[in-house]
Amino acid sequence: MNIKNIIIKLFFIILIGFYSSSISYSKDNIKIGTLLPYSGVYTVLGEEITNAMSLAFDEIDNTINGKSIEIIRGDTEVKPNIALQKSRKLISSDKVDILVGPVSSSVALALRDIVVQTKTPLIIPNAGANILTDAKCSKFITRISFSNYQINAPMGTWLANKGIKTAFLLAPNYAAGKEMMSAFKENFEAAGGTVLGEEYTPFRKTKDFGPYLARVKDSGADAVYVFYAGGEAINFIKQAHSFGLSNVMKVTGAGWTTSPLFLPAQKEAAIGFIGSLNYVPSINTEANKLFITSYKNKFGRIPSEFAVQGYDSGKVIIEALKSLSGDTSNKDDLAEAIRTVSIVGPRGPLTIDKNTNNVIQNIYIFEVIAGKNGPELKVLDTINAVQAPGEKCNL
Amino acid sequence: MKLEINNISKSYGSVNVLENINILSDKKECIGIIGPNGAGKSTLFKIISGIIKQDNGLVEFNNKNINNYSVEQRSRLGISQSFQKNSLFLEMSVKESLMLASSHKYKISFNLFKPLITNNFIIKNAIKIAKDIGLEDYLEVKSEFLAYGLQRQLELGIAIASSPKLLLLDEPTAGMSPAETKDIIKLIKKLSKDYSIIIVEHDMEVIYNLANNIYVLDRGKLVFEGSPSAVKKSKLVQKIYLGI
Amino acid sequence: MLLIQFLNALQFSMTLFLLAVGLTIIFGLMKIVNLAHGSLYMIGAYVGLSIWSYFDSFWLAFIFAPIVTALVGAFLYFVLFRHIQNADPMRQVLLTFGLIYIGLDSVRMIWGTMSHSISAPDLLSNSIILISEPYPSYRLFVIFVGVFVLICLYFILEKTIIGAKVRASVDDPETAKLLKINTDKILFYTFSLGCGLAGLAGITVAPILGVEPGMDMEVLVLTLIVVVVGGPGSLKGALIGALLIGFVDSFGKVYMPQLAQIIIYAVMALTLLFRPDGLYKR
Amino acid sequence: MRAVNYNPKLRLQIMVILVSLLVIFNIFGGYFTRFFIAEIAILSIFAISLDFIASRGGMVSLGHAMFLGIGAYSTAILSINYGIPPFYSTFLSIIIGLLIALFIGYFIVLLDGIFFIMVTLALGEMFHAWVFTSELLGGSDGIPGIMRPSLTFIGFDLNEPLVFSFYSIFWLIIAYYFIAKITDAPLGRNLDAIRQNTSRVSAIGGYTKAYKAIAFSISAGIASLAGSLYVQLNGFISPELTHWTVSGEGLIMIIVGGIGSVSGAILGASVVHIIQHELSNIISWWMFIIGFGFILVVLFMQDGLWGLIERIKKKFG
């Protein structure tokens, strides 16, 4: 037997394997492709979003006008290049009708061109880069979550009006961290506040905030304004507590810092933190209570704001498809249907900004207080229908 | 060829390994350096070949101060060495090892595109050397599969492939059986017609057979210099070696 | 402020030392650069997390997490490292690279992907007032653990027969064999000890730095830098390297925040430019 | 570091088979497959660059993703900020990578084994940290909207996936040819000798530092080429590409393929990339399996797939 034959056969087997598996056969379903992290550091966000979205579909028995809804998962691994690869597979091989994703902004920016070129509607359930609904906006990209500006800007005005005169800013050194701080700073200074200093910590490499905390304390500001997520949020809050930061100034920041995902680990160290976010579990509406109960029943834990964003993405998809009677053949119509949806979700009323395709939503300003089962988020104030600017976007 | 070693000293901490060593050679000859273990002969060898630097003194080659020359630069001047422990290119064939060893001499080593194995001149040179060292039957054999004695011969071959002016041999018979030793002595004798050689050895019989001038080291000092017959007669040398 | 920063730097250095010392003795004895060292640190923290949340006792976790990690190390030694001892060193390094992948996914499968944290024991959960500034007493405890381990290791290596045997095996394995020192046994114990120290580091800093997937990679690079700067295989080097990197990093963050990301790499590059074998060559 | 047997003939045979396979699948494959083929071709170029210095000169680099990044970012910046046609920016990127590596190489190539790994790792991490926060390079979000070269004047539209895949395969062949040539040339053989026994090459008068520095910069140039093609394929570049684990994955590829065989690197890149893609579609703990498989290869397949092919070939004559 010839060596070449063996090698060729071997390779055909491997390659045919990968080729055939990338072809999908069912044609009648409505296919929703997700581009979310299912491995790597953000896995928990990918799971929350997918879980909650499937919950929304479950409520209508996964069918619209006789067509069943199918979720096809694409694992981005939080790497833009992998996400691109997966998006090509979902769009060309699986022929999905709508894409939902991603979690991080760099991945969203990487996906931007391919979804616009292939006219595949993309619903963003988390990534917050301002530019996605500004200079890089498109009618095929609809953001259900937030823009970084949207969450932080109200807080600047609010804090300044509550008598905070000076602030120190602390955030991870990457695009989102900087966008959030500049949104806060702009509005804080416009309302008469002064920023005494700002520090950007190496992103995902900072575990010990000790050196920075000493610096923040030294500044003598009325408040420190921070944005952290994940392990960094837990570490920051716990370490700030152990250094007694809250004794000398208010600890405030973007609300993710004390997300319900991290509160069980932060415990009483988080008490006193004032933050702003587009969702807090204690919102007192029927829609929210219902959502929390059904999510808890199915997945065994309290949903986070990420889950809410996933759930609302599902809701938006359902409403859009209903308005088209389940017909997804015309991509332009589909995109138009998505951006004209308005719903009332767990976080309150949502509409899509016609000019930018960014969601218009309430922003909640909350304080972490001691509750019966550990710390809770208590709403201090609600800023209604906050819009994000997008002058460079012409839709 | 002229090699001059002038007042070389070397110490490690408080231990003087070499003290004021002088060696002069200005003709084609075979110099032997002997001494008991710890006499400092290996250190002297390494200083001549450039592996380590002396603390004091001067090494001159063809009237040129080469104190600051590295091993590579000394080799390019024509000082080539073989090692006490085999130092071969184990994954290469005998032929290729020898070709490589001469590639620097003939200034083709920076060539990016003409395959080494198609360079006829270098091949001829390698085959000639293989004959000289008695490995012409093993040209295509990988070095790692050669018997130990043959590896020792290849060790010499690589050293002479760049047609050096001075050949430094560090215990060329180390670890060999008496029969193999005989072969290698024969080989070095043949080579000494073409090259100036310095041999470091603790086996006196080998040196008596090969060298025409012998330097005897003891505890870092040069204690005797002379022809093999003079060394043989010297009471001092016998005392050092045999402890009488 | 300066005192606080000094203590922060010292505490970070001691964490690095706990990690680096295990890596460096393994390197000294086996000439293996164990890239999976960070994974063992992570395992220590996670095992500690489980013990802590099950028995609600930090001290139990503090004692047993390093032991479990050492056992994992012993297991790895028997299954893998024993067999590749004489293999090509590069191959050994790459094999441990495969272990990183396995460690990452194993932790994810067993403990999930959430970030967790461990509470400091009640005894150490308060702050101590140092010149009118509160300083968390747990951080002082971390410094104490580092110094304690340092003293123990020094004592074992310099004053006991076992230590002498280890040193002999590091310096000259062939002579050690001639002296009938059972190098296999010594390798086994020191390898496990090194892994256990990584686990100890994991559980010790968990109340400060938390427990989360990906924590292995963060410390791996830092630890490797400490070991290389200090001089692989040298206990003294590990200490000096840890202090250097710890202080440069902590003070760099405060006084040169723009360079915070690259300063330790620069220190390492400069060290190796001028001392290619690290600060302490064995 | 041990390399596979030096065997130019088998090397060429495997290369021909692999390229034919890539071409066949490119012609008959769909949209996704074609992109996938282009990715494989580009990763193969990167693997070749790693393989070259690991096997010729014994330099295992954990910072080579830096050069991937240098190629990618140079291409992006040159074509977006300076309006240089993408085709020429590819060439310029290669030269930039080459020169930077020559400068770096001058300082680091003589470092021994593990020290070399560590310094390349440190340099790579420094570069990553810098890119991650650099305003010019788009920071953590990266740079979108990078154009592909326009070859319409000779009738090729590179925006077609089919054509771009062929374009990538074309570059793969060039890279292979170039590296294979150097491997066989006196320089390549000397580098191989350096890997086996550096001090002896010094003793016979070799210019060890110069050889290694040249090899390092050639390898960096090839890696830059891969980076340049990669950013043109995706139209996007972000700092993730420069992380040290990317270099690590490259090392996995060449170990699986067989170190020092050039075409083995391509084989390894293809197999690892396909398995990775397939596994991550099926199960979420694919890293576990990859890691386990990698350990098995290191333990039991000393020369990787190349060694396997060699053995099969021996068996069947």
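Just so it is clear, A, B, C and D label the chains in written order, and each chain counts residues from 1 on its own.
In this text, a contact is a pair of C-beta atoms (placed from the backbone, for glycine too) under 8 Å apart; a residue touches a chain by one contact, two chains touch by 3 or more.
From a predicted model like this one, the values you see are computed outputs, not experimental measurements.
*Asks:* What's the minimum number of touch steps needed to get from subunit B to subunit C?
*Replies:* 2
*Asks:* Could you say which chain's mean Cα position falls nearest to the mean Cα position of the entire protein shown?
*Replies:* D
*Asks:* Please identify the chain with the largest separation between its CA centroid and the CA centroid of subunit A.
*Replies:* The most distant chain relative to subunit A turns out to be B.
*Asks:* Report the inter-centroid distance (CA atoms only) between subunit A and subunit D in whole Å.
*Replies:* Whole-Å distance between the two chain centres: 35.
*Asks:* With chain centres taken as the means of their Cα atoms, state the distance from subunit C to subunit D in Å.
*Replies:* 33
*Asks:* Report the inter-chain centroid distance for subunit B and subunit D in whole angstrom, where each centroid is the mean of the CA atoms.
*Replies:* Computed from C-alpha means, the inter-chain centre distance equals 42 Å.
*Asks:* Give me the residues of subunit A that touch two or more other chains.
*Replies:* Residue numbers touching two or more other chains: 39, 43, 173, 200, 202.
*Asks:* Which positions in subunit D are in touch with at least two other chains?
*Replies:* Residues 129, 132-133, 285-287 of subunit D each touch two or more of the other chains.
*Asks:* Pull out every residue in subunit B that's touching 2 or more other chains.
*Replies:* none
*Asks:* Which chains are in touch, pair by pair?
*Replies:* The set of touching chain pairs is A-C, A-D, B-D, C-D.
*Asks:* In their shared complex, at which residues does subunit D touch subunit B?
*Replies:* 3, 5-6, 181-182, 184-190, 192-193, 196-197, 199-208, 210-211, 214
*Asks:* Name, in rising order, each residue of subunit A that touches subunit C in their complex.
*Replies:* By the definition above, subunit A touches subunit C via 39-41, 43-44, 47, 173, 199-202, 204-205, 207-208, 210-212, 214-215, 217-218, 230-231, 234-235, 238-239, 242-244, 247, 261-262, 265-267.
*Asks:* Under the stated contact criterion, what part of subunit D meets subunit C in this complex?
*Replies:* Touch residues, subunit D against subunit C: 1-2, 58, 60, 107-108, 110-115, 117-119, 121-123, 125-126, 129-130, 132-133, 244-245, 248, 251-252, 255, 285-288, 290-292, 294-295, 298-299.
*Asks:* Considering the complex alone, what residue numbers of subunit C touch subunit A?
*Replies:* 1, 4-5, 8-9, 11-12, 105, 108, 112-117, 119, 127, 133-136, 138-139, 208-210, 212-215, 218, 250-251, 253-254, 257, 260-261
*Asks:* Sort out for me which residues of subunit D touch subunit A in the complex.
*Replies:* 13-14, 17, 21, 25, 29-33, 35-36, 39, 129, 132-133, 139-142, 144-145, 230, 234-236, 238-241, 271, 274, 277-278, 280-281, 284-287, 309, 312-313, 316
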